[in-house]
Structure formats: C-alpha cells, structure tokens
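Both complexes shown next keep chain A, but they swap its partner, so chain B is in the first and chain C is in the second.
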Partner chain A sequence: MRIAKYLLLAIAIVAALAGPLITQNSFLRDLWVLVAMWGAVATAWNLIGGYAGGLSLGHAAFFGIGAYTSSLLYLDLHLSPWLGAIAGGLVAVLSALVIGFITIRLRGPFFALATLAFAAILGIAATNLSALTHGAEGMTIPFAPALRNAIFSSKVDYYYVALALLLIYVALTWWISVSRFGYYLIAIRENEDAAQALGIDALRVKLGATLLSAFMTALVGSFYAQYRLFFEPSIFATDISVQIALFAIIGGLGTVWGPLIGAAILVPLTGELQSFLGSALPGIDAFVYGALLVLAILFVPNGFVSLIRPLFAGKRTPPATRQPVEAEAEAKT
Partner chain B sequence: MSALLQLRNVEKRFGGLQAVKDVTLDVEPGEIVGLIGPNGAGKTTLFSCIAGFHRITKGSIVFDGREIGNRPAFEVCRAGVARTFQVVKPFARMTALQSVMVGSFLRHRDAASARRAALDVLARLRMEHLADVEAHSLTLVLKKRLEVARALATEPRLLLLDEVMAGLSPGEVPELLDVIRAINAGGVTVLFVEHIMAAVMNIAHRVVVLHGGELLADGTPAEVSRDPQVIAAYLGEEYAAGA
Partner chain C sequence: MTFQLFVQLLAAGVLLGGVYALISIGLTLIFGVMRIVNFAHGEFLMVGMYLAYYLVTAMHVNPYLALVVVAPGLYLFGLLVEMAIIKPTIGKSDVVQVFATVGLSIVLQAAALMAFSANVVGLNLPITNALIHLGWLTIGVPQVLAFVAAMLVAAALFIFLGRTDVGRAIRATAQDRSAAALMGIDVPAIYRLTFALGSAMTGLAGGLLMPIYSVSPDVGTQFVLVAFVVVVLGGMGSVTGALVGGLLIGIVETFSGFVIDPQWKAAIYFVIFLIVLVVRPAGLFGMRGSEEIAS
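Up next is the complex of A and B:
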C-alpha cells in the first residue's frame, strides 16, 4: 500500500510536468491544456458546489466575464491580459456580490436555478450589446505571440500556465479544507441551522466562498480567451456550466483532488467520443457520454477520487474499529 | 438584579397559535434550571426564541446585560448562549471530532488549537473514543451527546439543553447527570428541558413549569413537585402519591 501510494504520486508528478512534452500531436497537447484548464475551473467551482453544497449551474457566467473583460481591455486599451485577468476576476467578484445577495438565501434547487438564469442573462447581454462585445460575431484576438500578450506559439507554454493555476487552486483548496473556513463550509452544507447555532454567519461564509470561486473561475476564463483567441456569447452557455459541475461531481464533490480527476476523465472522453462517434450518427456521442455519466454516478457515487483515497488514508480509523450502528428510530421523543 | 438571562413578557405566535405567552423568567449565573411541561407546552419554542431561531412577537430577552431578542442565531451564540436541538441536527459526514471542532473554531482560530479544545470537550463528554466516528453512524443517544459537545465547544456561559437524556436507559442517566454537573461546576449556567422527572429532581437547583405556553410554576424541585397546579397539569396524581 505504502509503495503503491508513492508510486502513484511519482507518476502523477512526472505526468503533470512532462505530459505534453512526450507528444508532438497537437490534438493530444490540446487535451493536456484542456484537462489542466477545466480541472482548475472545476476546482474553483468545488468551493461553492462541493464544500458549501451550493449547486451552482451558472459558473460559465464567471468564466465568460473573465474572458470578455481581459479581451476587451486587451483589444481596446492594449492592457496586458495578465493584468486584464485580474480585472476580470474583480468584475466577477462584483457580479458575484450582486447575484450572491439575491440568491444566497435560496436553498437547493432554487439556488441552482437562479445561478443558471444569471449566466443565461449574461449570454443574452453579450449577444445584444454588440457595440461592446461584437455580439454574436464573437471576439477575435489577433495572434501576436509575446509574453506580455499572454499569447504563445507553443501549446506547451499554455499548458504550464494552466498547470500553475491548477496547482495553486488545488493547494488553496487543500489549505481551506484543513482550516476554519473549510470546516465552516462543510458544516453549512451538512446542516445550516446547526452551523448557525455554533456561531457561524452562514450567509457571509457562503458569500465569501462564492466570491473566491468567482475570482478563480474568471482567471481561467481569461486564460481560455488567450488560448483559443476566439470566443462567442456561447461561452455563457448552460452546457458549459453543467460540464464544470459534472467534472467535480464525477471526480468527487468536496474533495481536494476530485474536480481535477473528474476533468482528467471527462475531458478526453468527450473529445474521443466526438471524434470516433460524432461522424457515425449525429448526437450519438452525447448519448453515449450521458449513459457513461449515469453509470458513473450509479456505481461510483462518491466520485472517482473515492477509488484511490484508501491509498492515502493514513490516520483514519479503519471501519472495523468503528462503533456498531444500532438501528434506531430518530423520531422525536 | 444581575440575572444572566432575563426574559420579560416574551410572546411567540405562529399565526393564530400562541406557543409562548407572556413568559417572564430570570436565570441566575451558575444555576441549573429545569424547564418542564407537557408535550406542546412551548419549551422548545422558548429555547428557539432565546437562541435566535424564532423571532419573538412581544417582550424582551436580555443576556448578560445585552438585548438578544430577535438577533440572529450566530450572534446569540457568539454572545455566549449555546443550544442543542431536540431533533438532532448532526453534521452527518463529519467525524465527531470534526463536528466539535466546528464549535471550538469560534474561540480558537487555528486548527491545531481548535482540535485540542475539541478533544478536551469530547473527553469531558466521555466520548473521546468516538472522535473518529462519523456522526451519521452514531446512535441517537450518542448523537444527542454530540450535540452537547458541539455546543459546549463554543465555550458558552449559558447552555440550553433540549431533552438530551431522551432514550437513555435508567442506568445511563446518572453518568450524563455527572457530566452536566461537571459542566456547571466549570462555570456554565444550564437551562434544560427534560421529561425524565427523576433526572430533573436530581440535578435542578430550580424548576420552572410551562403549560400551554404560560409559566405555571417556578421554585425548588420539592416545591414544584408539591404544587397542585403542576400535579394536575403535568406530573399526574401517581407522581404526587409516589413523591
């Protein structure tokens, strides 16, 4: 077990650092970038969706805000996208503050629907405010490779930028998960009343997680814009929000590594399914993808991270020494 | 004059139902006060009013010289009032230790000292051996005890316990009574709701009786158990005969 653990770690580190170098294939290199990128977004989503238990179906909003803000500042004011990304993060925080005040009191499905509507509204706005956003025609960024422009000729360079973001996000999540803020988020998810009774200002803590998550998501949105050099209002689409949530759910909600693992499984899967099946019968790839998701949720309900977690569970009490559970009616006495 | 908790003419209406009517009550620092009364008397509702879970429709609640009526629950807790829930509200997927740490984080910002404080509280509740057990797999009796541990971890000056002994076998009651006495000896004032009369009579310095939302009696356990109104409303003739 010990050896398996370190072997797995070593393989993961080498793969993460050298992964895209072992191939010249542009499609495969793109996959590495996308896995790191979506892994980072899903890790950001996980703070609110996994730890705090607020199922957001509107994270494409923050992603799109990041992309639009840095791109507009770059194209119209020649501001370096490195700074534009920070600006995008701040705009996302402001919008999260506004939407947070409105939605955060909502529980369960109402919160999910409100976030979904928020992203949909931004999509409509981006389409119609064409003087600012170029409307449905989309945003095109000229290919001018330079560090200052955050545009690179090699996908490998993009990969290391995405990897840096990803690692920072994973490290931040780990740090939160062992600190007061993380305990509070989980307590709110598990029982908001009980959390309040222990002195936790639940609205404030949830809002904090939402703002942080929005900022992190927007940074990756800016990265996406500089990587693809083209995007449209469809960047706010619901299927992007749903994908982000799915990565975290399939990988493991409220876990440090789950969202990345989910992205590492699902991003290549969508790509492969599309290229192998997409031409056979239109839509069949989406059908197979959906069926695989259902199977995953049925058979790995705690996410794929739960399959490797036993390797890393050092100090946890083995189930055998746990107290026997008596079947007992929890009726009010 | 310097009561720790002062309720003045507290009223709570749910629409047409008056669950708490004009309750005036003082709890002195260091006391253990038992709150008894038949089902539906308004005991839990009164707790929820004090703890900030219900808005009161009339009256005032002063804790330690500060008005806490209609303040949000987290503020009341920070002021020094902690409660347990009659219908337990566990953090199902947290271990007992993690659950208690959520409480101890209120006064200990860093994880290491919150953890030490939580372990200490678990030891006081005599459940340190359950530290790594997830809350959902505890028995109801232990979930109730975990509620006490969590609340105590916020280092309150007033602890509100709502039927934490329910479900205990008679043999197990004295242990929990000892635990509560020790908590009280550590400087925590206790207001508790309980139906097990032997426990109430054993531990309470003072007993107040709620009936139909109204305060029916307030006195020492001996006085209250002799009160004809209380016997008629709650204790029943057999209890009076046996006492």
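Up next is the complex of A and C:
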C-alpha cells in the first residue's frame, strides 16, 4: 500500500503541475487558481484551527491585512508586491500578537467569537478610514502586467505562484506534524491542562502557531489582491473566515492534506452550484451548499480525508477530532 | 451636551438596549443549559421577522397580534431544528457544534433568499410610525412596546425557571447534566424544551423588531454580533446578564454614535467585547470559568 501512496502522490503532483495547461477554459483555469489559493489559506488556518484546536473565525483579518498592506505599499509607494506581501505578513504577525494575547486563553466557542470580533473591527476600520483604505469603494489595482508588479496576463502564471505557496505550506505542515512543535500542539488540543501539567508552555506554543498561521494567511491575502486587482472592506467579512475554516474542516482537521482536499471539493462545488442552479432561483445554490455542509459535518465529522485514509497504511499523525469524555467535561463544571 | 439632549439619548439608548436584551435572552438561555452557542441565532431572528412580515402584509394581521402566531411558530421550528441538527451534535467536539449551526445559518439565509428575494422590506403602518411626546422628549411607540416586552419576557422566564418544576429541572440540567440525569430528569427532553423555548423567545424578538427595522435575508448578521456581545458582557447563560448587558450596550451604542461617529459604533462595542473577554471572560453575571467549560 506504500507504493499506492507514492503513486497517488506522483499522479497528484503531475496533475497539479499540468492541470491548468490542459484546461484552456478561463472558468476552469480560475477554479485551479482558487483551489490552490484557498487550499493554501486553509492549510495556514489548519495550524491554529486543526493542530492547536483554536477555532478561529477571524482569519479573514489576516487575509485582509495582507491584501491591504501589499496593495497600499504598491499603490502609494510603488513597492513591489513581492516585498509588500512580506510586509503584510509582518503586519499580520503584529496584529496576531495583539489579538493572540487577548484570545489565547479562551476556549471553544469563546475563542471563535473573539476572533470573529477582531475581524469585524478591522472591517469597520477599513470602511471608515477612507483616507487610507479608499473606504467602501474598495481598492483597485491598475492592470500593469510585469513580474515586478506581481501582475500577470495569464491565469496560468498566477496558478503557479499559488501552487508554490500551497506546496510550501503543505510541506511546512507535514514537517510540523512530525516535529516536537507539532506534537506539543496536538497535546494542547487534546487536553490543554494535561499538556500544561507535563511542562508544555501551552500559551507560548499556541501563540507561536497563531503568528505563523497569520503570516502565511497574509501572504495569500496579498496574492488575492494581485490576482483579482480589486477588493473591498468585505474582505474582512465573517463569510470569508467561515469559508476558510470550512475548507479545513470538511477536508480533515489537523491533517496535512485535509485543508487542500476540502478546498478541492468545496471551491468547484460552489462554482458549479452557482453556474447551474444560481440562475434558476437565487439562493438555491447556497441552500444546497449549506445543506451539504451540515450533512458533511454531522456524518463525516473527521473530514473527507478520513474516508481516503484507510486506503493507505503506514505512519500517520493522530486524527483531529476530539470526543470530549463526558466525565472530563463534568469534572470541569 | 445639553441636559435635554442627554436625556433624549439616554431614553433612546435604554429603548435600544431593551431590543438588544430581547434578542439575547434566547441565545443565553440555550447556552446556559446546553452549552451550545447557536451561530444561527441571527437567522432564527430573521425567520421570526419574516413570519411577522408575512402575517402583517399578506393576511393583514395587526403586527402585535401576529406575535401570537410567531412565537409558537418559532417554538415548533426550534423543536424541529433541535431534533434534526442540534441533538446529534451534543457531546461532540466544538468544531461539530459550531459549524453545524454555521451551516444551518447558511441554509436559512439561502431559504429566505429563495422565498422572499434579496429586497429589504419593512412595515409602514400607523402603529409603526406612532410617537409619544413627553414634553420635549420624543420616543417611538414600537420601541417602547419592544422594551416592555423584553422586561415581561425576562420576568416570565425568571418565574418559570424559579418557581415551576420544569424550570427547576432546566436549572438543574444547566448546573450539572449528569447529576440531573441521575435525579431522574430526562435531559434530552430538557434540551429539546430549552432550545424550542429559546427559539420562541427569539421569534418573539423578531416579531417585535419588525415594526422597527426592515428585514432582508441577511438581517440576522446585523443583529447576531450584538447578541453575542450582549451575552458575553452579561455572562453566558445569565438572563439577568442579558438584560443588563443589553441595556449597557444600547446606551453605549447610542452615546458613542452621537459623540464619535455612527459609523464606528459597532467597532466600539466589539472593543468592549474584547475588553470583557480579557478582564472578565465570565461576564458580569456569569459563573467564573464558564468560558472554559464551554466545550
């Protein structure tokens, strides 16, 4: 079965590299870019959401910070977005440090709510600080294709940039998942008090994961800005944060490939539902999408990776879903 | 700021706070007993508003008489949702609990979009525009009615939880679900009842909001964040907390909207929200540590 695993990996890599070259259709090429892009963001989210067990519903904050920072530096100071993206990552790290101090002690839904509020504050700020952010009219980046500007005339070029980010993130996740840091994160997720008792500095480890995740998410935010060449304060919306989290959850929390698989399932699904059903009756596409999500969460709680996984033998990281023991929950009450 | 202006703003803030308390009571009740944060709470409110809107516009029912149908309607709706979606998530991980209701909110918004289109609609009746003049102080009748209703609902809930056997069973379940089960309380039945009751209150809130606000499929997202802020400020699970938290946020929002800029008022209560989470995560009236056992 080990051979099957490598074979599948090889096929996947070849398909990922050649895919958009074969598909000429612009709609399909856009899908390839979006899958790679959202796969990368979801992989970044997975570090805090999947491995550390902090259900962030505010990752749109980091995504938006990346987009705004690189775009403002590019438009106002003519700084290349390649450097702007790094700057955006650093701004995201700073903001993650602030929000991390506030939220890191919170658990479960409280953490989710606090991160959600953080992104909402940034959305309001982006709308109202119009001198800086152009307010509700949004940011428009003029189309000037050049490598220095990180603007390309072909979607295929964008795709390879997104793919490179994605592969780096997946490799990083794999490396973390087998490292001491990764085991610390998993230990904290499974039982924070026990991990703390064993000498893990839980807050520090979680904060580390948050900062890394914020940096990675912001880079993709900059990519998004350069790809779409337009975005509004709605980039901070809860919908985006929820989407990011859902990709990872539907694919498989706390797994190396889960977030990508989730994006590869959900991004085309949304696109197809929109194009086939959306015109028939507004809302029916979202209805079907939402219903499928509820079903997937109730019946495949460990994500679609858990359905594929039995095909492969060999070493693996512990699965993510925690089933809190009734007694444990009660003991804390 | 003149004294008259101060009183006018205070009155507006208190009345707005009543509305906020009203939309938060159901959320806090459900959390307190079931330890579930209903992320589709705003959509329950939206369903209540549309139901009221439909009754008023299509069947020409008085908007306040419509409540007699809206509240039981949402009770039934809550009962169905509990059995279909909430019950299977009890005892599961946070992820499942949070995202099952997130998925539900997507479904409900889409259903409303299909049924009513994306148009923003409101009621325009003599009663919705009625004003009360107390000397130089002017207040809207629907706001006063919503405020009074919030107080009555809270009082009724207090009596129900404090004085009836079922109420005691609900409180026992909230305190310790396994001990309650050992005492012969049918915990799943209490969960069903609590969720349906919380939904009915949210529906009632929706019906009372309909004469004041417009409704659209995404109206829930405007209110749900305020409800979360109120509930966290007051203390998750505390009805008194929802009442006091609602009033505080209403007053803060009104004054900050006047003093600073209405555009920033939401940012201000989010900042309050984060400060509460840092300083006293259990909220004003919550049990200490409840933010940690939320899972």
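Note that in this section the second predicted complex is superposed on the first by the 307 of 333 C-alpha atoms of A that agree within 3 Å, B and C clash if a C-alpha of one lies under 4 Å from a C-alpha of the other, contacts with A are read in each partner's own complex, and residues count from 1 in each chain.
The rule is short, and it goes like this: a contact is a pair of C-beta atoms (placed from the backbone, for glycine too) under 8 Å apart; a residue touches a chain by one contact, two chains touch by 3 or more.
Everything numeric in this text was worked out from a predicted model, so none of it was measured.
Visitor: With both structures placed on chain A, which of the two partners, chain B or chain C, ends up touching more residues of chain A?
Guide: More residues of chain A are touched by C.
Visitor: Check the residue A:Ile186 against both partner chains and state whether it touches chain B (first), chain C (second), both, or neither.
Guide: The first partner, chain B, only.
Visitor: Between chain B and chain C, whom does A:Ile297 touch in the aligned arrangement: first, second, both, or neither?
Guide: Second partner only.
Visitor: After superposition on the shared chain, which partner residues are touched by A:Val178: those of chain B (first), chain C (second), both, or neither?
Guide: In the superposition, A:Val178 touches chain B alone.
Visitor: Which of the two partners, first being chain B and second being chain C, lies in contact with A:Leu198: first, second, both, or neither?
Guide: first
Visitor: Touch check for A:Arg148: first (chain B), second (chain C), both, or neither?
Guide: Neither: A:Arg148 stays clear of chain B and chain C.
Visitor: Can you pull the chain A residues that chain B and chain C both touch?
Guide: 322-323, 326, 329-330, 332-333
Visitor: Mind pulling up the chain A residues that touch chain B in the complex?
Guide: The contact residues of chain A facing chain B are 178-180, 183-184, 186-187, 190-191, 193-202, 316-317, 322-323, 325-326, 328-330, 332-333.
Visitor: What does chain A use to touch chain C in their complex?
Guide: 53, 55, 57, 102-103, 105-110, 112-114, 116-118, 120-121, 124-125, 127-128, 238, 242, 245-246, 249, 253, 281-287, 289-291, 293-294, 297-298, 301, 321-324, 326, 329-330, 332-333
Visitor: Once bound in the complex, which stretches of chain C touch chain A?
Guide: Touch list, chain C to chain A: 37, 85, 88-89, 91-100, 102-107, 109-114, 117-118, 175-178, 217, 221, 225, 228-229, 232, 261, 263-264, 266-267, 270-271, 273-274, 277-278, 281, 289, 291-295.
Visitor: Please give the residue numbers of chain B that touch chain A in the complex, ascending.
Guide: 51-53, 72-74, 77-78, 82-83, 85-94, 98-99, 101-103, 105-106, 109-111, 114, 130, 132-133, 137-140, 142-143, 150-151, 153-154, 163, 166-167, 195
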